[in-house]
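The structure is given below, and queries will be raised subsequently.
First chain written, first letter: the chains are A, B and C, and each begins at residue 1.
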């Protein structure tokens, strides 16, 4: 029973960051209809920025966290402006291929810059874990969880209570009508991609110090992000949030009780099962195919 | 005339092992040939039927593993006390088994294709390949996991064994030509037109009787089986297969070959295959790091999409 | 037994009743026109009949066969072929290839025979090309057979759409606003073409706004408004029908001229 509780606690702690990853991707995927292959690289970017800022320049941990996220937002905006702007209206193959090209270039740039060796990032939290009865959790994980929750709420507030958020929601519902009503779709797209990328970078910046950073870490993150988006339904923030926690639970319990080698397969299997039986995800409101 | 050019080209291609002294280059050509077959199969699905299948390497890997395992023989515990034991089979039969196994997986993926389309299908196909990789990695009893299946026997026909490079080169060339002809026939027929029609305007296609299910199933089965055949060729040529054969980067390579060569054209994957089969070697000779190489590929892909959106072959035809 | 029978057809989506209790039939060999103001439900009826839209209640029976739940290609296989309101072609293909695709159901080649390169496949292909050229000539597009479909002028694109539908050998041809956007001379030649199509034994169900054409070619007319049938009869009867006038021109006009 204690084992089970520990797994659950681990899952909850991890679920927050998974949710961040998923929300970022569901925004991009849902509003821009772009299969964002670079999402994982932004995650890795966030982690590596933390490494550079904390370990190489000695910046304060929390300041570095904020800066890493900001840098992620900027990188996302740049990617959208340089690569995607001109492709608006192109078919999905074209944008997909551009995204794949960007992903390859980004990941190998990271590989060149930091070589293949995994690096760890120091965190300012006490090493001894917080013990709550039969379960324990590391302090840095607690911090990660709460920061993730804060960011989720911030995103939710942005989408539902700001002018930009309204524009994004309108574009998601029907981009043609939104354009006719005066929404600047180009700016909405850039903002969406920037925010989504920022969330991915945040997830990476948060989890980097918990685990380690290595250049291909983005691939696994991307796969999980896609699984979460599919679970929760395209464009649904609540869906992505809950999906993030569901994935974390499935991974933790699967790894704990079935086999740890297949831990990462859980995400993929989930994707296949969901798409076979409930293609629109668990929470999607709109029935759209293709 | 075009036909004469093709025949001359084929003769030239067939002559290569007779005068090429460099065994490493011959090896590169053989592997390139295998990739061209895989690219042609992907082209049928991606270029003609318009299905964004990004898990194509799964069929290649399944063909490779199935063929290797069939030729080596294996025994696995299906349940704690039930063992499935399969005796080693002759290689030509194993290769057939590999092709069929991949084709059956293609049928399964094809069925999923009707339920989900577009971006969702992309993700399902990628996931399928990743699950295959993780199974190959973790089901050690069957696949030896990361320790790889080795000592895979080469093809043998009556008493002749395909040990050396020249005969493998000719084998790959022959299979390549056969596959090309199969695709050419399909594409210029009722079946091929149905695929293209679906990709271009599905509502109109069904209004004149095109059956989405059967058309997509055919496209995926043929495409998967062909990729599986390429995988089988690979397994019995390099004679060692490990889970890395399922890496996404190989799908990406095939996609780059098809897209830059010209998707939806017969010559496209061949041109793209030759280009991206030989380019790494040229870059390696120029002592460029592999990471820089891949960055160049990434940039090249983006440039091709921007400036030659239909690929090289159609651009050459226009100009 | 009627050729095509629609009984109490209702279609609802998103809480909106698009069609309510539609009942009419099409007799073999006739040309029936469906008219009505925009949003009356004409295209929705087409979509429901041919399987592009699920209907909530009612029956559609074609030559004694119930069409409920059939997939769109199965409906086409029974001989019911429809065209689309918005220009719908295989844009990147040539005109000839477009019609070749239309001949899909007439080709008997099996995938295995195709891959094996059996001789009958080649013979059938050659036969299909000849047939496709004939159909293009029938609609007057034989000079255009090597042109890419999206490069054709608008009027010719609409003719190509009809050619594709004809290639599928329809028993009942359902045309959705085939002359919309055409100029008067194009419309007149289309009306003549329709007569030729009927002479081949094809029954026609037509949705159209152009009243001159409707009155000129129809045997019978059914008028829809807001998802319901408001009038049915010969062209002359419909022209004078007060409900029809009201639906198109509004209450005031009907009272002024009724």
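The rule is short, and it goes like this: contacts are C-beta pairs under 8 Å (C-beta built on N, C-alpha and C of every residue); 3 or more make two chains touch, one makes a residue touch a chain.
Predicted model, so just to flag it, every value in this text is computed and none were measured.
Chemist: Would you identify the shape of the chain contact graph, picking one of line, ring, star, complete or other?
Modeler: Contact pattern: an open line, chains touching in sequence.
Chemist: Going by C-alpha centres, which chain would you call the most central?
Modeler: B
Chemist: Can you name the chain that lies farthest from subunit B, using the mean of each chain's Cα atoms as its centre?
Modeler: Comparing chain centres, C lies farthest from subunit B.
Chemist: Distance-wise, how many Å sit between the C-alpha centres of subunit A and subunit B, to the nearest whole number?
Modeler: Whole-Å distance between the two chain centres: 32.
Chemist: Taking the mean of the C-alpha atoms as each chain's centre, how many Å separate subunit B from subunit C?
Modeler: From the centre of subunit B to the centre of subunit C is 43 Å.
Chemist: Find the geometric centre of each of subunit A and subunit C from their Cα atoms only, then give the gap between the two centres in Å, rounded to an integer.
Modeler: So the centre of subunit A lies 49 Å away from the centre of subunit C.
Chemist: Which positions in subunit A touch two or more other chains at once?
Modeler: none
Chemist: Among the residues of subunit C, pick out those that touch two or more other chains and give their numbers.
Modeler: none
Chemist: Under the touch definition given earlier, write down the residues of subunit A that touch subunit B in their complex.
Modeler: So the residues of subunit A touching subunit B come out as 29, 33, 35, 83, 86, 92-94, 96-98, 100-109, 111-112, 219, 223, 226-227, 230, 259, 261-262, 264-265, 267-269, 271-272, 275-276, 279, 289-290.
Chemist: Considering only the defined contacts, which subunit B positions touch subunit C in the complex?
Modeler: 181-182, 185-186, 188-191, 193-194, 196-197, 200-201, 203-212, 218, 222
Chemist: Quick one: in the complex, what on subunit C touches subunit B?
Modeler: 50, 52, 71-73, 76-77, 81-84, 88-93, 97, 100-102, 104-105, 107, 109, 111, 114-115, 117, 121, 125, 164-165, 167-168
Chemist: Spell out the residues on subunit B that touch subunit A in their complex, using ranges where they run on.
Modeler: Where subunit B meets subunit A, its residues are 46, 52, 112, 115-120, 122-124, 126-128, 130-131, 134-135, 137-138, 248, 252, 255, 259, 289, 291-292, 294-295, 297-302, 305-306, 309.
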